[in-house]
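Here the structure comes first, spelled out in structure tokens, and everything after it is commentary.
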Amino acid sequence: MSTTLPGADLEQNERVRAVFEDIRRTRGSDFINAFWRHLALDPALLEATWAEVQRTMVAPSALDPLTKELIYIAVSTANGCGYCVHSHTAAARAKGMTDAQYADLLAVIGLAGKTNHLATALQVPVDPVFDLRQDGGRA
Amino acid sequence: MSTTLPGADLEQNERVRAVFEDIRRTRGSDFINAFWRHLALDPALLEATWAEVQRTMVAPSALDPLTKELIYIAVSTANGCGYCVHSHTAAARAKGMTDAQYADLLAVIGLAGKTNHLATALQVPVDPVFDLRQDGGRA
Amino acid sequence: MSTTLPGADLEQNERVRAVFEDIRRTRGSDFINAFWRHLALDPALLEATWAEVQRTMVAPSALDPLTKELIYIAVSTANGCGYCVHSHTAAARAKGMTDAQYADLLAVIGLAGKTNHLATALQVPVDPVFDLRQDGGRA
Amino acid sequence: MSTTLPGADLEQNERVRAVFEDIRRTRGSDFINAFWRHLALDPALLEATWAEVQRTMVAPSALDPLTKELIYIAVSTANGCGYCVHSHTAAARAKGMTDAQYADLLAVIGLAGKTNHLATALQVPVDPVFDLRQDGGRA
Amino acid sequence: MSTTLPGADLEQNERVRAVFEDIRRTRGSDFINAFWRHLALDPALLEATWAEVQRTMVAPSALDPLTKELIYIAVSTANGCGYCVHSHTAAARAKGMTDAQYADLLAVIGLAGKTNHLATALQVPVDPVFDLRQDGGRA
Amino acid sequence: MSTTLPGADLEQNERVRAVFEDIRRTRGSDFINAFWRHLALDPALLEATWAEVQRTMVAPSALDPLTKELIYIAVSTANGCGYCVHSHTAAARAKGMTDAQYADLLAVIGLAGKTNHLATALQVPVDPVFDLRQDGGRA
């Protein structure tokens, strides 16, 4: 189900083809997933989003690639994005996630879902020691 | 702001004191945060939740403790639980999260927030290759 | 913190006063809470919302009043609306919610938060037996 | 997939038929979408919801019809309602949304998704200048 | 669609079989739904989750079983978990939910969805009378 | 309340000062709000986010500036980001939003919140006519 229908010839657009070829180079595969194909309706948005993915997920940084995919799955789950959960779980496996790590991830996500709800239902006030702005935000 | 007012003498309840002492032993500190103090209104719920935290976050497992806190922050952010974001960010720092790692975490959370929304707005269909149940779930 | 500042003389507007007096009659109290005072910026929206509350929460129906407040707290918690959690928890207490019932409510909300996240992370397919549209929605 | 199965003869109920005919008159088409057909299980709820749609989306007001559909798509996306995203995107196109406007809408929704997450992760305190209740809400 | 593929022989695992048999005994039916079959990828998580469901939903407590299912549907709806909405609506019907009660539930959920959004858009400040921590949370 | 404490001398960092001066030039004001000051903890993230805001919200495009702020408020409301609701409501007023337009916005957001919840509770299947991928996404 989708709100747009990607054309058969997306890569006739120069900008789209450039992004898709960069994705292929980066992934080491010909496959362009549905998210990128749908985003191609606006080449500027496609370019900007791919650039951000490269900057954040591909370039080496302080967190390792697998950890970043686990974070991505966590956010996508809480936001209820089924597409994203599927694609990032596949990416995590491709980056070496073991079954034991996946089980751990699920356990943490489930526990966080629970305590998020409990803390919100109880409207727990933030402990002052956690609040770096002891001025209560008025500064 | 809260929906309950924890009494001054929560630990007069034996079950509550037992949990609080276990928390203190585990954390190596006398501090019991507001979440646990509010949850103490129901000793059974307090016990069960603490047991799950021990099982999931404290006991050694396939993911290291810091990674699990990052996942927790990610879920809490997407769920909009301010208390949880505060307490788990403090926990992550206590477990060694550097400023560079925190910046990375923010970048991934922000990017995931964006692509979750884009994929949902576009109603992107799941690529068959991501769908382990090629029977479309009918089996 | 708010995005509007209710004037001191909200009830000089005839339509607003009519709604506020109806609220007072219904609640048996002079108190008009902040939600209604903020909504008064648009008398039409105030009237329509109060009418819906009367129809849904006040008029006798197939669910008893306390059950409906528990449902309201549950939705408000999952949606992260702190104001709503506060006001509907107070309403539930006013309608007779005991401490034991409140603890039960928290336990169910917490468990649902957890299993919602697990089912979404696992992208569990709906069992055919739950799906009343066995045509998969294509009819 | 659905939790109820609309009967084949929904319009044998007088109240349902009245609403459906009003929808047809308003839309200038015979088509009654699945949302209305499912809501028909309770004629009172169907009537009230349709009345609110007429009041809010159909009657001329300070915002033009297309702008209101864009707002509707935005809320539906953040709430993860796939049905709503589909139906309101179709409605927006019917009200004249161009491809360029759609691309703009996606860009804003994506950016808002990102900054919402960043602001929540950072727990940014509200600047006093944005807070019309300088009494911090205690008045 | 799913991110894992439950094997055909889940119950060859002793711990999984023990849980499934307990579920069958409790439900009075041979049917094990997809949620439990998917969770079986980690026997510890399966055991802990089932134990919590028994403790919270099955054991008699201050709220009756049907009320707890209604709360579960409410949370699942706000969280957008389609699987959960399906399975818990079926469970509610199995526990005696009538059509009139279901219509009521929908009306409350819809109204809560609306007022949650209005209160958040208006950023309504919590009335002091609702705030049991008159110290604004600084204690 | 916040998880970081912006230093007093943020603009000693060249990259931060460059962004802040660009913000001031664009807004025509000296004011740098708390979101940007908190984001300054990572100059790269600050630069990228500001660049995206300029590209999406500042540069002329197919949607007018006020419409884009209304969309932003809508997403921020559904996501429960209080900071964002505050700052973008202020921005919308600065861009000319009238009280009548604001009331309209609230009415649409509230109605969308309601129908999003109803459609999700009913698990309404997408009408084939809305689904541009008549292959059900398998292509």
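Order of writing sets the chain letters: A, B, C, D, E and F. Residues in each chain are counted from 1.
Methods note: contacts are C-beta pairs under 8 Å (C-beta built on N, C-alpha and C of every residue); 3 or more make two chains touch, one makes a residue touch a chain.
The chain list, named the UniProt way, goes like this: A, B, C, D, E, F = Carboxymuconolactone decarboxylase family protein.
The structure presented is a predicted model; accordingly, all values stated were derived computationally and were not measured.
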Item checked: Touch-network distance, chain B to chain C, counted in steps -> 1
Check: From the centre of chain B, which chain's CA centre is farthest?
Finding: D
Margin query: Which of D-F, B-E or B-C has the same interface as A-F, meaning more than half of the contact pairs match by residue number?
Written below: B-E
Next item on the list: Considering only mean CA positions as chain centres, point out the chain farthest from chain F.
Entry: E
Item checked: chain C-chain E separation of Cα centroids, rounded to whole Å -> 18
Item checked: Whole-Å gap between the CA centroids of chain B and chain D -> 32
Note to self: Between chain D and chain E, what distance separates the C-alpha centroids? Give it in angstrom.
What the structure shows: 26
Item checked: Sequence positions of chain E contacting 2 or more other chains -> 1-4, 34, 44-45, 49, 52, 55, 75, 77-82, 85-86, 89-90, 103, 105-107, 109-118, 120-123, 125-126, 130-131, 133, 136-137
Note to self: Chains as vertices, touching pairs as edges: which of line, ring, star, complete or other describes this one?
What the structure shows: complete
Next item on the list: Under the touch definition given earlier, write down the residues of chain D that touch chain A in their complex.
Entry: 80, 82, 85-86, 89-90, 99, 102-103, 106-107, 110, 117, 125-126, 128
Check: Which chain E residues qualify as touching chain C in the complex?
Finding: 1-4, 31, 33-35, 38-39, 45, 49, 52-53, 55-57, 61-63, 67-68, 70-72, 74-84, 86-87, 89-90, 98, 100-101, 103-105, 107-109, 111-127, 129-131
Notebook entry, point to check: What residues on chain E touch chain A, complex-wise?
Noted result: 1, 3, 41-42, 44-45, 49, 75, 79-81, 133, 136-138
Margin query: Considering only the defined contacts, which chain D positions touch chain B in the complex?
Written below: 73, 77-78, 80, 82, 85-86, 89, 105-106, 109-118, 120-123
Check: Which positions of chain B touch chain E when the two form their complex?
Finding: 1-5, 34, 44, 48, 52, 55, 126, 130-133, 136-137
